[in-house]
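This is the structure, below, for whatever I ask next.
Note that the chains are named A, B, C and D in the order they appear, and that numbering of residues resets to 1 at the start of each chain.
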Amino acid sequence: MLAKFSRSIQALVGSRINALRRASQGNRINISGVYPPITTPFDAGSGRVSYEKLEHNLKRWYSLPFRGLVVHGSTGECVLLSADERLEIVRRVKSSLPDDKLLIVGAGQESTQATIEFATQSAKAGASAVLVVTPCFYKGRMTADALEKHFARVADESPVPVILYSVPGNTGVDLPADVAIRMSAHPNVIGMKDSGGEIAKIGYVVHKTRQYGFQVLAGSAGFLLPSLQVGAVGGVCALANTLGAEVCRLQELHEKGDAKEARNLQRRLIAPNAGVTKRFGIAGVKASMEWFGLYGGPVRSPLLPLTEGELSELRKIFTEEGF
Amino acid sequence: MLAKFSRSIQALVGSRINALRRASQGNRINISGVYPPITTPFDAGSGRVSYEKLEHNLKRWYSLPFRGLVVHGSTGECVLLSADERLEIVRRVKSSLPDDKLLIVGAGQESTQATIEFATQSAKAGASAVLVVTPCFYKGRMTADALEKHFARVADESPVPVILYSVPGNTGVDLPADVAIRMSAHPNVIGMKDSGGEIAKIGYVVHKTRQYGFQVLAGSAGFLLPSLQVGAVGGVCALANTLGAEVCRLQELHEKGDAKEARNLQRRLIAPNAGVTKRFGIAGVKASMEWFGLYGGPVRSPLLPLTEGELSELRKIFTEEGF
Amino acid sequence: MLAKFSRSIQALVGSRINALRRASQGNRINISGVYPPITTPFDAGSGRVSYEKLEHNLKRWYSLPFRGLVVHGSTGECVLLSADERLEIVRRVKSSLPDDKLLIVGAGQESTQATIEFATQSAKAGASAVLVVTPCFYKGRMTADALEKHFARVADESPVPVILYSVPGNTGVDLPADVAIRMSAHPNVIGMKDSGGEIAKIGYVVHKTRQYGFQVLAGSAGFLLPSLQVGAVGGVCALANTLGAEVCRLQELHEKGDAKEARNLQRRLIAPNAGVTKRFGIAGVKASMEWFGLYGGPVRSPLLPLTEGELSELRKIFTEEGF
Amino acid sequence: MLAKFSRSIQALVGSRINALRRASQGNRINISGVYPPITTPFDAGSGRVSYEKLEHNLKRWYSLPFRGLVVHGSTGECVLLSADERLEIVRRVKSSLPDDKLLIVGAGQESTQATIEFATQSAKAGASAVLVVTPCFYKGRMTADALEKHFARVADESPVPVILYSVPGNTGVDLPADVAIRMSAHPNVIGMKDSGGEIAKIGYVVHKTRQYGFQVLAGSAGFLLPSLQVGAVGGVCALANTLGAEVCRLQELHEKGDAKEARNLQRRLIAPNAGVTKRFGIAGVKASMEWFGLYGGPVRSPLLPLTEGELSELRKIFTEEGF
């Protein structure tokens, strides 16, 4: 089975030994819990990353019972950042990160080699694990085989554990359940973030990967509770940038077995969550952050700020649910 | 608000009074529970509907704790039946139906008028309620407004309560949550069957329609438990044709609060469910029915029977999960 | 190769002999030219089919150099008609049809058997050929193999020649080029109407079917000229209901070799064509017919009439191009 | 109307004057003709860009009557190259480029600012014009308004003319005709490459932009002739990497008015073109290049090389059409 992951026997000897060594050193970190995929604050005047505003937000986020932070998820406008900005943000977050929090870094690129390089740099800069999205530009050729080879190579070489990432709404590529299941046997692949929201798929992946302790994270607060109920261990939720306490409380209620309260809270989170994802995107996340004392700030072009009408529509969605 | 549902004041006076009268007579029947969308048995030789085999299957299904049966759902090959066959099947099922079971009949047609007529005939033939799918041939014109007017007219005229039906995998039309929410205020619309499987949508519709007691049914055993957990009241599940006892047990475990057993069972049902829906369709349902002593029989053309290879693949899926 | 089209040797002997006999009797009718897929006129008061208005429109259409008429194409609201209405319309059109015009009747149903029956009835009522759309409700199962078997059975049994019909915008099923190419060898399949508009596919099908004299019709005035230029023989164009003379003139200019005038006319037709198809659908066709002295009338529910705003937008599109 | 393209009056004064000055200096270069979107040759051992092999291929391409070359189109694996590699390739091609050939460089990035920067660097490195693809990662937010603002900013700032680029098969975003039409008024936007292949859209864009001399290039050899016939001025065709002489001959036949020969050649090119695009992608282009004395070489991961079976299938497609 090992052979499945390697290009050649030669590569196998070196990299697999490394991977297995890493694994034996306890790579199977526990990633259970809630994470905000943090937004990147830009200065309203210069358009540059504002590390000051980032510190401001980090302080707030550190005060919440998150398991950690995800840097350079889709919500972080990572594809609109330069390579230097990306690394610098990782370093800054790491420098203030409390010891008990994880730092998961989005490292996926279109190229396998570039992904390996960014994963390596992220690890040096302090990443606890890397999130690797499905490549997508050549979507017609992203067969199960191509995806599997890509993830296997990255996992072979990454100094830190790999979390697979499926976000078909952005990429147009839905990571097939079978690929996730096969990859779960790789010693350096510890889990998956699924933003597609097909709950049967999430349950099936959990079911078929239990032997390897594969950990699934819901990719949205819109289906966090159902995901936990079928066996996911947590969530990476754009809405947690804004309503972090509430999203954490949802997982807590679930773990305490308070099904009724959990259900009520889950239902109230659906519309605000849709508001800051499908409906209004990152500009919606940033606008709503401002209402709660965090710094939102502008989005980078080609993304557009919300219009007045959109803003009041979003505000209405939040207030209708009591937030 | 009533006006919203009616074409004109004139139509309103007559039909709304009827609808309200029906409503006051207890139209809000409780549809909580599990239903098989029953397959239509065809004679292997003549290709005709076999009422004898139907009786055979009905006996088995009546012995299970189903809330009722759905006749002429997508799994019933309804679009491959003649109008006469459709009505005759309703009558036959009604004639043997135990008093405590509901008979829900798929009545949706492309034309609003034809839907009203078939709903009326179905009611006469014994339907407890009708399932009305979104029209779909002119999908580019099936705006929220068009769908709402269609459902409102049908609900105005149907002698029995209406259950909305969204099955985008077949129709290419996803009934928008907002349309379902607005329709929930209609006195003759009692619920919705959702086969799309977007769990956040199901939770949101439940959340926004509680005031009217709108009842949501999951359209698949693949996401029955998550649906119940966000507030659905049951499911119409193709897999219940074959594994009826297990699907009923899933809802029972949920209602008893046995979360762990429920979760385990839910997970085991996902792959067999996918096998008889997305993967192999109705031919898969019918093939699997044979293994459990029910009559499956042939599918109607243009549907094709499973190949030997597909059959053994399906069998493997069932046995791997212990069924 | 004959075997490919038949379910069994037995069926083959009978039906193929029939098919071959029909073929030898000159089934390969020449369908080159332009056809309006005629709208079905409904009485504004009763909502019934108005045969009087139909006669009015037919007179106008007969005065144009159409090759014939298509009855019960997508534009004819065929899925909103009862079986009786469908047949009666065929009979009425046939009774007044000039001898030199063809009458092509849309006969496709979800069920193979029902399609054969309607094709047979249509032939008796006067159809010169039948148009058979891809079945689509069980779209996940409409594999190349399933489509091929469906078309082959219909072609085996139809008393008049079969024209395949691909209209993915409505059906969600794109008839694969390879299926069309294989079906072109069937003696009772004479061509294809393609409304998908992928010009490379049209050219490829023409290229690979020349040996059988397979005749391709463009399914829209939006790409009639490019289709003719790659070898199509004509078009079935919703816009020809309204601008019949212009659409006929486009083919005439092409045949005369007047490339420049043809190109200019083609370009001017694109926006009005989009207006009565993708943009506003059948209600748009009917509204525009009124401006040119034809009877448009209402559409059947669930289709909606155009709003005032839509009407003036459509009118602007026509006037901007000088129509 | 100028205001439409600018963020603020201030930005307008500076950049518009620049743009208009550039325009008055003859920015409206004539881009009529055929271009290969050249593949990037990688060394089979090291995986690095092989500039030697690039020179080998360039010599061959320069000997053909191409109007120029496109560097960093989708076929160039541009998303799999580092920023340094991208610029170096532009410089190398420029250094050997004959004076009468154009060098069009793909400069589109997800970020507006990064696109402007790469366009500026490309211009310095010798680009005659830049090709700017629609951003696509945040596809749900890529409204007409967002796309228009993105293109306008890039066009305002780019030192060389801008060609819009729509390739929905890769990006999942189809550049709307109306956006292209509005952008055609910008003095620094000279045309569009359309790989979507909807011929009515191409004809419509040509029709509505004639006043500004907007130049449309077909994005594929599969629909080059139909595009020329509705008014496109040339094509950027992956197949021209391999069958450059034949693709150039197709445009030549069209221009000479030899409709029959052009049609025959167009039809023969469709299947080989599909083979190296939709069917087998870049690995197919590279494999076929080897057959004709060019260097193909490996593709970069996550792309996979063709299997033996795929290779012989591709070869069969070419030989069946006589290539």
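Everything that follows uses one rule, which is that a contact is a pair of C-beta atoms (placed from the backbone, for glycine too) under 8 Å apart; a residue touches a chain by one contact, two chains touch by 3 or more.
Since we're looking at a predicted model, the values are computed, not measured.
Asker: Which contact partners do chain C and chain D have in common?
Answerer: Chains touching both chain C and chain D: none.
Asker: For chain A and chain B, what's the span in angstrom between their mean Cα positions?
Answerer: 36
Asker: Please tell me the distance, in whole Å, between the geometric centres of chain A and chain D computed from their C-alpha atoms.
Answerer: A distance of 34 Å separates the two centres.
Asker: Roughly how many whole angstrom separate the Cα centroids of chain B and chain D?
Answerer: The mean C-alpha positions of chain B and chain D differ by 50 Å.
Asker: Residues of chain D that contact two or more other chains, please.
Answerer: Correct list: empty.
Asker: Every touching chain pair, please?
Answerer: Contact pairs between chains: A-B, A-D, B-C, C-D.
Asker: State the interface residues of chain C toward chain D in the complex, per the touch definition above.
Answerer: Chain C reaches chain D through residues 197-200, 203-204, 206-207, 220, 222-223, 225-226, 229-231, 257, 259, 263, 266-268, 270-271, 273-274.
Asker: What residues of chain C sit close enough to touch chain B in their complex?
Answerer: Per the touch definition, chain C meets chain B at residues 47, 74, 79-83, 110-114, 135, 137-143, 145-147, 149-150, 153, 169-172, 278, 281-283, 300-304.
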